[in-house]
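As written, the chain order gives the labels A, B, C and D, with residue 1 at the start of each chain.
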Amino acid sequence: MIKVGIVGGTGYTGVELLRILANHPQVKVEVITSRSEEGIAVADMFPNLRGHFDLAFTVPDVERLAQCDVVFFATPHGVAMSLAPELIARGVKVIDLGADFRIKDVAVWEDWYKMSHTCPDLVAQAVYGLPEVNREAIASAQLIACAGCYPTATQLGFLPLLEAGLVDHRRLIADCKSGVSGAGRGASVGSLLCESSESFKAYGVAGHRHLPEIRQGLSLAAGKPVGLTFVPHLTPMIRGIHATLYATLKDPVDQGLQTLFAERYAHEPFVDVMPAGSHPETRSVKGSNVCRISVHRPQNDDTVVVLSVIDNLVKGASGQAVQIMNLMFERPENEGLQQVALMP
Amino acid sequence: MIKVGIVGGTGYTGVELLRILANHPQVKVEVITSRSEEGIAVADMFPNLRGHFDLAFTVPDVERLAQCDVVFFATPHGVAMSLAPELIARGVKVIDLGADFRIKDVAVWEDWYKMSHTCPDLVAQAVYGLPEVNREAIASAQLIACAGCYPTATQLGFLPLLEAGLVDHRRLIADCKSGVSGAGRGASVGSLLCESSESFKAYGVAGHRHLPEIRQGLSLAAGKPVGLTFVPHLTPMIRGIHATLYATLKDPVDQGLQTLFAERYAHEPFVDVMPAGSHPETRSVKGSNVCRISVHRPQNDDTVVVLSVIDNLVKGASGQAVQIMNLMFERPENEGLQQVALMP
Amino acid sequence: MIKVGIVGGTGYTGVELLRILANHPQVKVEVITSRSEEGIAVADMFPNLRGHFDLAFTVPDVERLAQCDVVFFATPHGVAMSLAPELIARGVKVIDLGADFRIKDVAVWEDWYKMSHTCPDLVAQAVYGLPEVNREAIASAQLIACAGCYPTATQLGFLPLLEAGLVDHRRLIADCKSGVSGAGRGASVGSLLCESSESFKAYGVAGHRHLPEIRQGLSLAAGKPVGLTFVPHLTPMIRGIHATLYATLKDPVDQGLQTLFAERYAHEPFVDVMPAGSHPETRSVKGSNVCRISVHRPQNDDTVVVLSVIDNLVKGASGQAVQIMNLMFERPENEGLQQVALMP
Amino acid sequence: MIKVGIVGGTGYTGVELLRILANHPQVKVEVITSRSEEGIAVADMFPNLRGHFDLAFTVPDVERLAQCDVVFFATPHGVAMSLAPELIARGVKVIDLGADFRIKDVAVWEDWYKMSHTCPDLVAQAVYGLPEVNREAIASAQLIACAGCYPTATQLGFLPLLEAGLVDHRRLIADCKSGVSGAGRGASVGSLLCESSESFKAYGVAGHRHLPEIRQGLSLAAGKPVGLTFVPHLTPMIRGIHATLYATLKDPVDQGLQTLFAERYAHEPFVDVMPAGSHPETRSVKGSNVCRISVHRPQNDDTVVVLSVIDNLVKGASGQAVQIMNLMFERPENEGLQQVALMP
């Protein structure tokens, strides 16, 4: 059994980790931490877990965490970098669902996250957690920086085009829509049902923290710095991200886009390239670890439109983290992740 | 492996059966029928099933259904009674998620369902599918009439009080709220998002088809005919039933309600009696087969208030049907049913 | 023009007052206060008001408020009683949308609101703001305690039955459902879209602050103390209250319920008794000051079921307050209140 | 008083016309037609209209319609062109909310709408109903083809940039999101709450009927044929359209975008250019005739992002039609259209 610790168990990615791990045959959750809820049983706080976990929140304690085989950080940025170094030093594997180790250029990270990084050396060591890009590196890594939710949906949609060099890398547009759970479980007026339901809006148009992360990933795929406009939107639903991606074909007569995508992801257990002409719905992945993608070329013009959907809490966070754990511990990659999306 | 057939696979209870059975280790779905969708792959119609089923809808064919070990009817009333007799004659087990065999008094059934019953003899033979009431009879039955959604939530909430004879059986009130999926997948104006979201209303106050079913079950539990007022309401959400139940204590000084409920359901795998003072949320059972119940006595007055929540498509329909199948085939009762509710 | 002041303009009842008063031909809003938002233009905080108000929030200042003809308090309990006395002394009319002056028995108020009342004398002077009950007293009052949202829907539904003495006053049940806006604009986890959408739950079953208010009103109507069980529920929508009310007929043969209700409210501009057999939807009053009611007698049994719907922010709060202002200033009662509900 | 007739009163744009006209001081609705609901009172079908209209649906009758001053067609394409010619011949003004007269190139119209046009001559005579573009022509027109919902939001957002010639007209992208009411009141599975809530998807990527309409309007503004990629999305809410528009600046150093937009719409009663950096929410226009716009230049790059929101049933349909009627009858342009958006 894999002994698991979770730091920051009271947010949405924390409870989602518990939901998924509850049905993982090879995992035992040993520790779950929360400063604010110390002593509270997780099943009292999250009644959906009643009968699945007999575990209470404890304050973070490196001694106890160090006895786990792997520790997940489901925390705001800044927390993982404060605890990871000692866990790493003691040989514990660390999977950070937060942003601390995602950006290789520490100066860029500090600029966007408005704090100084306390362990830049680990940034270099960390492996970016997107199995469809670097499965092998993940399998042998000790520290993982899981891809963010928008970055997962956006990169999986753009990768085939950029790797094949088919589109103008200087002018990529990612118009992304996220459910409100992406804003987390913190009490904020903007996330109230009365403020965010029956409405739709863009936010962070001037600049969102996922922009540098997406740009870094796409530039690696393109082999050169890409130009990207990223506009996130708040959608009146709980879960789901829909990325609508626009790129300009260099060769307007190219016809093989469907095949390109199908072949790129032919062996990926969690990327589903849908038939030509499909419009993936976010609900088709609700609660599941799947990313569904379709590629279009409206009016046979030279603009390619890629539609990519994920559940921001699963493939965009906790499910991807479990997929990564499976790779790190040589388990079947889909173990504990075969749940069918809830539809309706 | 249990060879399963499903008649009427295009409605919400049909696709929910597929979602649940996809992860049942001992089940193989052999046949799924739909007159309207003949030849369509189930995964093309319900993309959440992509990668889980390689199966297409066929027109109902008794020959093919007769080769299954069990056939589920996820159909409107009137369908099961037309096909069940021959399947029963051939030794196939039949689990009807519809209403054809729920009411023992055929005249009452015909009065509420506005059609004549074509096999009243089978009504007598059919076992009412509510494991918490008649688990043994279910295990040895060949024909099951699964309890309806409102009837499941309402009976599980009232049973302890009526079996113990603690309340006035002549004046029971069930104020029930259901998500829109209870209205099914048929295209009707009333179920449009624009008609049913951001609004709340009662319906069928004059009389709802679940009234005689609930009354029959409660009268059996009370040992005498009960008086029941049942008011269903349409709630702006997809899944979930919340039953708010009112009864009058005969003995106002009685104090043991919490214990009564806890003991009644102590050994039930899918009934969760919550701590005193709890308010179960429907989302805490979304996608799971659990019924969560709490019992209250406001102001220490003589009115008992019971709160009972289920997912109408799971414990109220398809999950309960699989729980019943497990009993009929001597499988662990919770096999394939351990999914954790999706929250948030 | 009526010079209006609003204390507490940043909550939902405050912005709703502004929305309604923006189209009131005889009103000029002179002052709107908020300690937290001092100096912010109301139109910057609430963009729906852009172009309608050129007004900024100021800190509460009795001098400025005293120059208004009427001051609305759209504040949590405890605020109005701290400022009202001086305004009353200076001849300003005060309309409190909060709870400070609703309960005549100060000891009961202090018990439920957990604070001591600072001006019990004004409680005696205050007129309860429910025009359908005491229109004349309102017209000549200087201090109004507006009825709460649940109390408005519940009292309007029960009044005809109690005033006529047709039902058992000892066992009344009010099963009420409210949209999330009833919880206010404060940032709380429970009101997040991710916590309150796609779910339904009861709350405050042990005792809700509107219970004594409703009980007081119904006891006045019945001429004797009533017994009431009140169970509020949180519904996944922004606006609307649906009260489902249960009472037992003393004379089971009584047939004139529809006529009784129609006559009771025949001359009420904002109470719509719907045709027999109707099921009012909350959306049919969304944004309007109307209360729609239907009365049922299921199965011709002796239980009466009354369905009553309002918009909690309009007839349940700000609209009712404007209706009351019109009465106090001898304006047409429906002036500025003729907006049609938004449907869909 | 303006005598109004409405053809096709049972759809969402029809009931929305009634909601708006109910408070228009100079309008009397004389006739409202519906073949399916003949004889039904509008207030029985739409309870929000109870007390506002004493009018029943009748079958379309040219004689009766010809006695009106103006007839609105709130009908699917194909209906207006069958009745308009005779009404026009009799001197009645016609405002078509549908698509019959929007596309000047009849061949293009027939290609997209899959039917032959029965009065191409009237297409030439018809004035496109977008007051911000051709107010004067509207005032003197007899036949108006109201702009569609997506076309209104998209054109108002792009116009200042194209009229000023600041952007590359060959590569415009309109990523648009609409509430479900845009799909109309017809009973279709895709518009059920259970199918369209808690989900987000694109549709019609290969080609949507509003594409040629938008392209026609933008080409007129640019003075040359534009290249446009238009991707509509279905959003889980009732009302609202959010257009996110992308264009490439020819001159990357241009800085005056905010001023450009502010001046272009300085005298428009229903276009609100928001402060720099704003993110308009669709709810800020819910139920109102306003279009709110903000313009951004992320990272000071050469991609301009325009955000434009409307209520698809008001400024996108019925409100715009009333605004146009006011212009045609020399009434104040905002008469009957000053309602404040419902927020929350």
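Convention: a residue touches a chain if its C-beta (ideal position, glycine included) is under 8 Å from a C-beta of that chain, and two chains touch if they have at least 3 such contacts.
These figures come from a predicted structure and were not determined experimentally.
K.L.:
Which other chains touch chain A while also touching chain D?
P.N.:
Chains in contact with chain A as well as chain D: B, C.
K.L.:
Across the interfaces C-D and A-C, which one involves more C-beta pairs in contact?
P.N.:
Top pair by contacting C-beta pairs is C-D.
K.L.:
In angstrom, rounded to a whole number, how far apart do the mean CA points of chain A and chain C lie?
P.N.:
Distance between chain centres, rounded to whole Å: 45 Å.
K.L.:
With centres defined as the mean C-alpha position, give me the chain B-chain C separation in Å.
P.N.:
Distance between chain centres, rounded to whole Å: 39 Å.
K.L.:
Between chain C and chain D, tell me the centre distance in angstrom, where each centre is the average of that chain's C-alpha atoms.
P.N.:
Each chain's C-alpha centroid was found; their separation is 37 Å.
K.L.:
Send over the residues of chain A in touch with two or more other chains.
P.N.:
12, 179, 181, 185, 194-195, 197-198, 236-239, 280-281, 283-284, 286, 344
K.L.:
Provide the residue numbers of chain A that touch chain B in the complex, in ascending order.
P.N.:
For this pair, the touching residues of chain A are 12, 15, 18-19, 22-23, 46-52, 181, 185, 198, 238-239, 272, 274, 280-281, 283-288, 290, 292, 313, 338-344.
K.L.:
Taking the complex as given, what residues does chain A use to touch chain C?
P.N.:
Answer in residue numbers: 12, 179-181, 185, 187-189, 191-198, 236-238.
K.L.:
Residues of chain C touching chain B in their complex?
P.N.:
Contact set of chain C toward chain B: 171, 173, 175, 177, 179, 194-195, 197-203, 205-207, 227, 229-231, 233, 235-240, 242, 244, 246, 248, 277, 279-284, 286, 296, 298-299, 301, 303, 305, 307, 309, 344.
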